[in-house]
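What follows are several structures.
One chain, chain A, links the two complexes that follow: it is found with chain B in the first and with chain C in the second.
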Partner chain A sequence: MILYILRRLVSIAVTFFVVSVLVFLMMHSVPGGPFDGNDMPLSAAVRAKLMAQLGLDQPLHVQYFNYMAGVLRLDFGVPYQSPGETVIGLLSRAWLPSLVLGGLGVLIGAPIGILLGMAAALKRNSWMDYLASGLATLGLTVPVFVISMGLILIFAVWLNWLPASGWGKPERWILPIIAFAAIPLATYARYTRSAMLDTLNKPFVTVLRAKGLSERRIIFQHVLRNSAIPMVTVFLPMFIGTATGSIFVEAMFRVPGLGSYFVSSIQSRDYPLEMALVLMVTLMFCFAYLISDILYALLNPRIRTGGRR
Partner chain B sequence: MNLVDISELTVSFRQHEGLVQAVRGISLRVDAGESVGIVGESGSGKSVTCMAMLRLLREPPARITAGKFEIAGTDILRADNRTLASLRGRVAAMVFQDPMTAFDPVFTIGHQIIETIRTHRNVSKAEARAEAESLLRRVEIKQAKDVLGYYPHQLSGGMLQRAMIAMALSCRPQILLADEPTTALDVTIQAQILQLIKELQAEFGMSLIMVTHDLGVIAETVDRVVVMYGGRVMEQGPVEAIFDDPRHPYTQALLRSIPGHAGGRRRLTEIKGASPNPANPPTGCPFHPRCAAAESACRESMPVMVAVGARHDAACWRLQ
Partner chain C sequence: MSVEISETGAPVAAPVYKQRGPLYFAWRRFSSNKAAVSGGIVLVILVAMAVFAPLITKTRYDAQDFLGQALAFPSREFWFGIDDLGRDFFTRIVYGARVSLSIGFIAAACSVLIGIPLGAMAGYFGGRADWIIMRIIELFSVVPPLLAAMLLGAITRGGFATIVLIAALFGWVQVCLLVRAQVKAFREKEFVRAAQALGATPWYIIRRHLIPNSVSPIIVGFVLAIPLAMMLEASLSFLGIGVPPPTPSWGQMINTGMNFMFFYWHLAVFPTAALAITVLATTLFGDGLRDALDPTLKGR
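Up next is the complex of A and B:
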């Protein structure tokens, strides 16, 4: 197991390196530069001076190694669009609303989705099942900005119960969190339903019944445990959506989170910020998958024991 | 008193193509300590009968009716879930066909046997564990103590079937239902498992209901045979009578189709045609489309069971 984790850590390092090179190359291959904006024409001399200051006049591979050397010291540079702070400073400031929005969204959406999926699987073809499947289909097919607009229309405009946008006070969090929770809710409802039905149809469930176990015991001790194995593999990676998937929700509700920087850093050729965001998401995905693979192995004796005694 | 007392049992399944009649009015009585084999081709309704005895079929789509349906004095048809749960595993235990899929893959063998013991008996975990170990030893598993800690995937099919038998015996049931217990196993293991079941039946003084398509299995393990075809009982009687003096044309054809019986080298004769479609069964006797001796009466109605010997009955128009 330890060997396995070490192997995975090495492969994460390789992934990290490959992604950094690819993103760096793609970023610089996009035509234009940070000072090409038409709204603030700069003289050629000032521009050259700025480029030299930022090291942008050096060959690409030198720029890459300079930047990565900084990354290893946890120095991601200074964002061009906000030169008064460091990239780290900007991220840690913008991170909090995204984390609250995404984290609460998953923590509220996933359990409701799991409960709905369980109810649907246990009462197959009942109104409960149709409700859960209907909600899940809606959540997965209707784009999140349409859900967001619907929420704003109903609760802010018509009912006037909640503010339409902003972030400051907790009551402003409610609508974006609901909008954000739709996807984990729908994904989990579908996933749980199919995982439970899959387990319920296994022959060992009939054997458990034939042994005289109560239905409750069969569900909670055996079926849930078996169904949880495929479910953990999607749970952690879903949290990563809190950083990237909230772009639309944040835009619709004007939440001052990370989401907007993903777009603006690309548009304004803000190389240090763009690199930092991509590398951060890469690492988060790598570790989320690593942790869910470890959990998977811990829950599943066929992997834990290596298939041999 | 009969431990199993079933009359006019029907089991049907509601499906897209209509009502599928798997069991069409059978009667079955089993005395305490008696061993009965239910034999038939696939689709004869034998396994469904076995599952219905513990109400293990999902209802709906399954629908069960019976004139009488009692196991150890309990009315199975009217019993609530609690009564059924307390009967399953304690009064009547079951050994299933495929041991590889019969255990929950995420719990150890020990856990699953101990859980069975503690469901029905008020004993401590340590006592249940000791009992589980001695049961495993009784079914001739070496290193029983280690096996308790193994997961199902770490054992072979034969070992798992032994463990399943140990689990079935763990609450000292009065009836052991064995649904094709050797079909999924290697031929070399089959005989050992059958021998083990036979020994344990005598040792525990249980009744045994052995469901199989294999006449060889029947010949070796049971006292009495029930031959099923198309959801009905064709013939039943003591094992010697069925093998030496079969009276129903179906039983006769079945015996001609297995090798090594009735001595000498001879050509095996297959039964022509296929078993009836349970969604649209033939009228009258279900065997008549394949029966060489079929008459017009066979097409019109099902013959009743008549005695053809001591405790030996058959349902055929030619015997009426």
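Up next is the complex of A and C:
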């Protein structure tokens, strides 16, 4: 197991390196530079001075090594858009809304999805099943900005129940949280339903019924536990995916979260911020998958012994 | 093949002794799935709408003929109203189907073209080829696709061909995995062993034996790649780095509609609904096709 984790850590390091090089190259091959905007024309001399100050006049590989050397010391540089703070400062400030809204979205959406999926699997082909499958399909296929648009139109424009946008008062959180919850809810409803149906058809359930166990004990003690493994392992990557914000949800609800910086850093050629965002998300996904795989092995003894061979 | 379906697809009338092929059962399973059938019907209507767009509406999608009535609400004359630049909104929605569907289909075809050889290679040769291809796929799974797509879009400045390329770049992974699994399962079968013993080259075996045996996962991968590509196009257009105006794209229209939605709701509602219906119909159709062609994959 330890050997396995070590091997995975090495592979994460390699992935991290490859992604950093690729993104760095792609980022710098976007035409134009950070000071080419038309709203504030700079003279050639000023621009050259600024470029030299930020080290942008050096060859690309030197810039790359300088930046990555900083990253290893946890220094991600200064964002060009707001030079008064560090990239880390900006990220920790912008991350709060995304973490609160996205995190709550997952924490609310996942349990509801699990309940829906369970109900659907137990009452197969009932209206419950159709409702759960319908919601799951809607949540997984309809783009999240369409869902957000629908929520705003219905609850803010027509019914006038809730404010449509902003950040601050908790009632402004409700609609974005629902939008964030759509994907976890749909994913969990679908996973739970198919996992429970799989388990319900296993011979051991028939044996348990033959032994005369009550249906409730069969479901909660045996079936649920046996189908819980995929639900546990899918959680962390989903949490990371949602809690790093969504460009769309945050744009629709005008939330000052992390999502908007993904767009603005590319548009304004804000190289340090862009690199920091990509590297951070990549690293978090790598570790989320690693932890999920470890959890999977811990929860499922068959995989564990299989891994040792 | 199609003849066989229509012959045997007729309900009860099939003779008792007739041999029923797998396609017959696939058709039976598909046609008993109401959601999939209705998805398919909607998809056919949408495709017809996209193909015959000039016959459905007479106005041009970029003609600002109604500037005096800009932002007019839906009426009998203008079914979906007029947009902010004085263009008939119904026309723009109909032509938007062209953009969305053509990008969906072309990108899905490209993903299949990339995914089949790579998946077959990974599945057949295993070992180092498999390792390399799986690492590439892993790379695609940790980088947020939208972020990479935005970077690529910024490098190339958007446009139709670029979006197709970007969508194919992220769509091939699923096809590749499906084909790889199928090829892996068939690699050890007797007929492949026999072909190897007769001296067939690996590429001959892949081309003549393994790919024809992977047709159903390939079809499924193709159909399921369509909504993904359409969603990517809409997302990129929504962010303003997709298909450039005046070409009508639903994502771009939703972005414009967002600014007007509190007063001129029709600019937001119609493109939103169009995109949702199209993606939903395609996905339902694809899911139904997958369940029909390969019942063992059901619910995954």
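Here is the rule we go by: the second predicted complex is superposed on the first by the 302 of 309 C-alpha atoms of A that agree within 3 Å, B and C clash if a C-alpha of one lies under 4 Å from a C-alpha of the other, contacts with A are read in each partner's own complex, and residues count from 1 in each chain.
What we mean here is this: a residue touches a chain if its C-beta (ideal position, glycine included) is under 8 Å from a C-beta of that chain, and two chains touch if they have at least 3 such contacts.
Just so you know, these numbers come straight off a predicted model, no measurement behind them.
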item	value
Overlay on chain A: chain C relative to chain B, clash or fit	fit
Which of chain B and chain C A:206 touches, first, second, both or neither	first
Partner contacting more residues of chain A (chain B vs chain C)	C
Touched partner set for A:262, first chain B, second chain C, both or neither	second
Chain B versus chain C as contact partner of A:29, first or second or both or neither	second
Touched partner set for A:298, first chain B, second chain C, both or neither	neither
A:225 touches, of chain B and chain C: first, second, both or neither?	first
C-alpha centroid angle, chain C to chain B via chain A, nearest 10°	70
Touched partner set for A:193, first chain B, second chain C, both or neither	second
Touching partner for A:154 - first (chain B), second (chain C), both, neither	neither
Chain C versus chain B - closest C-alpha approach in the superposed model, Å	9
Set intersection of chain A contacts, chain C complex versus chain B complex	none
Residues of chain C defined as touching chain A within the complex	35, 135, 138-139, 141-144, 146-148, 150-152, 154-155, 157, 227, 231, 234-235, 238-239, 254, 257-258, 261-262, 265, 268-269, 272, 275-276, 279-280, 283-284, 287, 298-300
Contact footprint of chain B on chain A as seen in their complex	202-204, 206-215, 217, 222, 225-226, 229, 299-302, 305, 307-309
Residues of chain A defined as touching chain C within the complex	11, 15, 18-19, 23, 26-27, 29-31, 137-138, 140-143, 145-146, 149-150, 152-153, 157, 164, 190, 193-194, 197, 241, 247-248, 252, 262-263, 266-267, 277-278, 281-282, 285-286, 289
Chain B - residues contacting chain A, complex	54, 56, 81, 85-90, 93-94, 96, 98, 101-107, 115-116, 119-120, 150-151, 153-154, 164, 167, 171
